[in-house]
């Protein structure tokens, strides 16, 4: 894998091996009968992080969240929060609050009563409760809605009440299960930024479960991609997108062209991969932990490739192949070209439409050359 | 950001009284779960299941004078316990024509009445299910309302309706028609069963019919099926669980019906519930009544199982 | 779909069939004449007659007491049974338990009545309890079959229940018992009310089971009505029926209106 740039002053505790994690999930496994929902997951989450668990349905992300909240007991493994073992602590004694996917607002209580519910359970004095409720209503901009019942609110308002209620007890850790899942697209985009703002201003650690990769990319400091009960990759959004560690992650996040190849040159500073599918060699400008003749995969994002009519000057006699434009999807800011290679393999190449109404743009059925840089793709061994 | 550890978790909270109660119970191995299950389970065991066993036991004794009016099952004589079983009640059930005829006629009357109820109830349930939303709840309430009013009084209302000089015959008289004899016939019993059990038929039918997606009918029509064809090949099969559940809800209690045959039926209307009643109250032959009950139970077991299956498929949908 | 005439007409005839006898019964309760079928002028004298009949009033009072107590017992037992069936996914004897809960719904009354009577007699000779038969044995019998009805009503409400509401309460620091009283109970309350009402009316209505398990001097209202009805149609029974039907109709109407009002309205845009 390529070296990541190191910043001089790093504010990201996960890059500091000496940093103490706030939430430590150790070898947690959860079985329901014979099915394994979560398999041997270990995960460290640091203070003030906004950590996203990203995965499809049935990937185990929700089960993991429910184990953090205490609604499910791990079959094996431990969960520590701030150094304390939480495995045996019932949900009502955990310093954690959760925002539910369905919001789970109590239908028989009004907005104020919903928000005050957790505070009453802590026997907070009445005056303090009403102050705190007012403060939270202001935070989520619902000052005038305190006396309404949940069914008198819109979806977006309910979502904000649920957030306010979950924040009322000032938890150190907030779990959010698909917090924006029930909102329509436009509202979702607005709310995303609001959520991040609230998280940053309160300094609360957020763990968000989502199936929406765009949402995860926007919100998260780090993302844990889950697949079939296991963590496939943990990393910052750029790592996950630019440096996927497996074919699953490369294919799950964004779109990627993936080809099979065989290692023909294995040097400390570069490798060369022969790919019949691609119809050319791939020259990779860094060392890869592999053996000669090993079968592996190479993945590249559509926007990392370039189309041209003339054959560009050979880059070490590799990284260029030819094909015919089969289809073009015009998206406004860019166009996605579907190119069929000589081997019959289809690849997708996106090109920015930087010239307005370009009459000279590459069009249907044109033979084209596809090129890419030495470090544009990822070499994947699993 | 500092990496120093700061204590953020509050010390364990003061125990609330409820928590203390829970803990104390948990210590002796009683969780809330066990208590919740145990109370109804024990009650039903003692007052539902065991009574059926007692009925079976007493059906194997014989009538005698005294209190209780049946021979003991177990007798102790000189230190030995003796179990005496009398099969004569069951033998009588099969040999005495009265009982055989009563069973057969109960099943016949219940079956015919169930079919009539289905034929009347299905269009009603279908009409309610297809009615506009604002009507639906009112119509449903109109179906449920008689169910809440006294069963006995509704049967009584029918007698006022069907008597020789009742409402129907007075109405017919207006047109110069001769009065019909309806009371004290099997016909009156059919009307009585249909009348009192109609809500039991309509409700499960409505539940299945209302869940049917209207696009199914549109799809069927779109594919060229006429309304009748659509009904036969789409609606009817899909509402089968409701048909079975509704039919069984009418059929099972109708078999054991006592009030309807004794108020509406004639002396020759034989139904097993009435036979059991007479055996018990008139002849005070408790063992015989118990045997009749056991045989009735055998008759209704299969319909009960059908009902349970239909209900579970209705729930799954 | 094209609407034909068949369904509305069939439904209208069906409803006419359901209501015509009741309506005629109500009308004739206001008849002057003792002959129930010949209209001879408006009168409320049969209602006055009703309140002079000590046997009827006594039976009505007994029935109301029995209905209230047995409906309350059935409410507790049926709710517990429903919670067990909906919330405890797997436990030993689940099939037997669910069978025991639902079988009384369809068990012919004569069997239920006979079996309970035989049980009470056997228990009395073995344990010396219950001594004789009367109000107590009727209450036990009614509580048993009403439990099944309450259970069905509560069960359907509980299975619609969003479990995350309870989880949310626990997440906010409420213990399981606290959660039950703060969240679960208020939300299933309408089902509990209708379950209780159902039990109450079923108990008030029962003739067969009560006839088996009652003792001398404890005749319930249906038992008294039945003995009157067997002698033929009488106008005071019409009056009594009208009162009962009126009360029930008002009750059901009220409950329906309450439920419609409690139902969440559509969210505002």
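By letter and in written order, the chains are A, B and C; residue numbering begins at 1 in each of them.
The rule is simple: contacts are C-beta pairs under 8 Å (C-beta built on N, C-alpha and C of every residue); 3 or more make two chains touch, one makes a residue touch a chain.
Which chain is which protein? Per UniProt: A = Spermidine/putrescine import ATP-binding protein PotA; B, C = Putrescine transport system permease protein.
Here the structure is a predicted model, which means the values were calculated and not measured.
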Checklist outcome for this item: Farthest chain from chain C by C-alpha centroid distance is chain A
Next on the checklist: Just the chain pair, please, that has the highest number of C-beta contacts.
Outcome noted: B-C
Checklist outcome for this item: In whole angstrom, the CA-centroid distance of chain A from chain C equals 56
Next on the checklist: Can you compute the centre-to-centre distance for chain B and chain C, using the mean CA position of each chain? Integer Å is fine.
Outcome noted: 14
Item to check | Interface hub residues of chain C, defined as touching at least two other chains | outcome: 175, 178
Item to check | Per-residue overlap in chain A, given as positions that touch at least 2 other chains | outcome: 93, 122
Next on the checklist: Taking the touch rule as given, give the residues of chain C at its contact with chain B in the complex, in rising order.
Outcome noted: 1-4, 6-8, 10-11, 14-15, 17-22, 24-25, 28, 36-38, 76-78, 80-81, 83-84, 88, 91, 93, 97, 99-104, 106-111, 114-116, 118-119, 121-122, 125, 140-141, 143-144, 147, 151, 175-178, 198, 201, 204-205, 207-208, 211-212, 222, 225-226, 229-230, 233, 237-238, 241, 244-245, 248-249, 251-253, 256, 260
Checklist entry - Contact residues on chain C for chain A in the complex? => result 162, 164-165, 167-175, 178, 182-183, 186-187, 264-265, 267-269
Next on the checklist: Under the definition above, what is the set of chain A residues touching chain C in their complex?
Outcome noted: 69-71, 90-94, 96-98, 100-102, 104-108, 117-118, 121-122, 149, 151-155, 158, 165-166, 168-169
Item to check | Of all residues in chain B, those that touch chain C in their complex | outcome: 16, 18-19, 21-22, 32-33, 36-37, 39-41, 43-45, 47-52, 54-55, 58, 68, 120-121, 123-124, 126-128, 130, 137, 139, 141-146, 148-154, 156-161, 163, 165-167, 170, 195, 198, 214, 217-218, 221, 227, 248-249, 252-253, 255-259, 262-263, 273, 276-277, 280-281, 286, 289-290, 293, 296-297, 300, 304, 307-308, 311
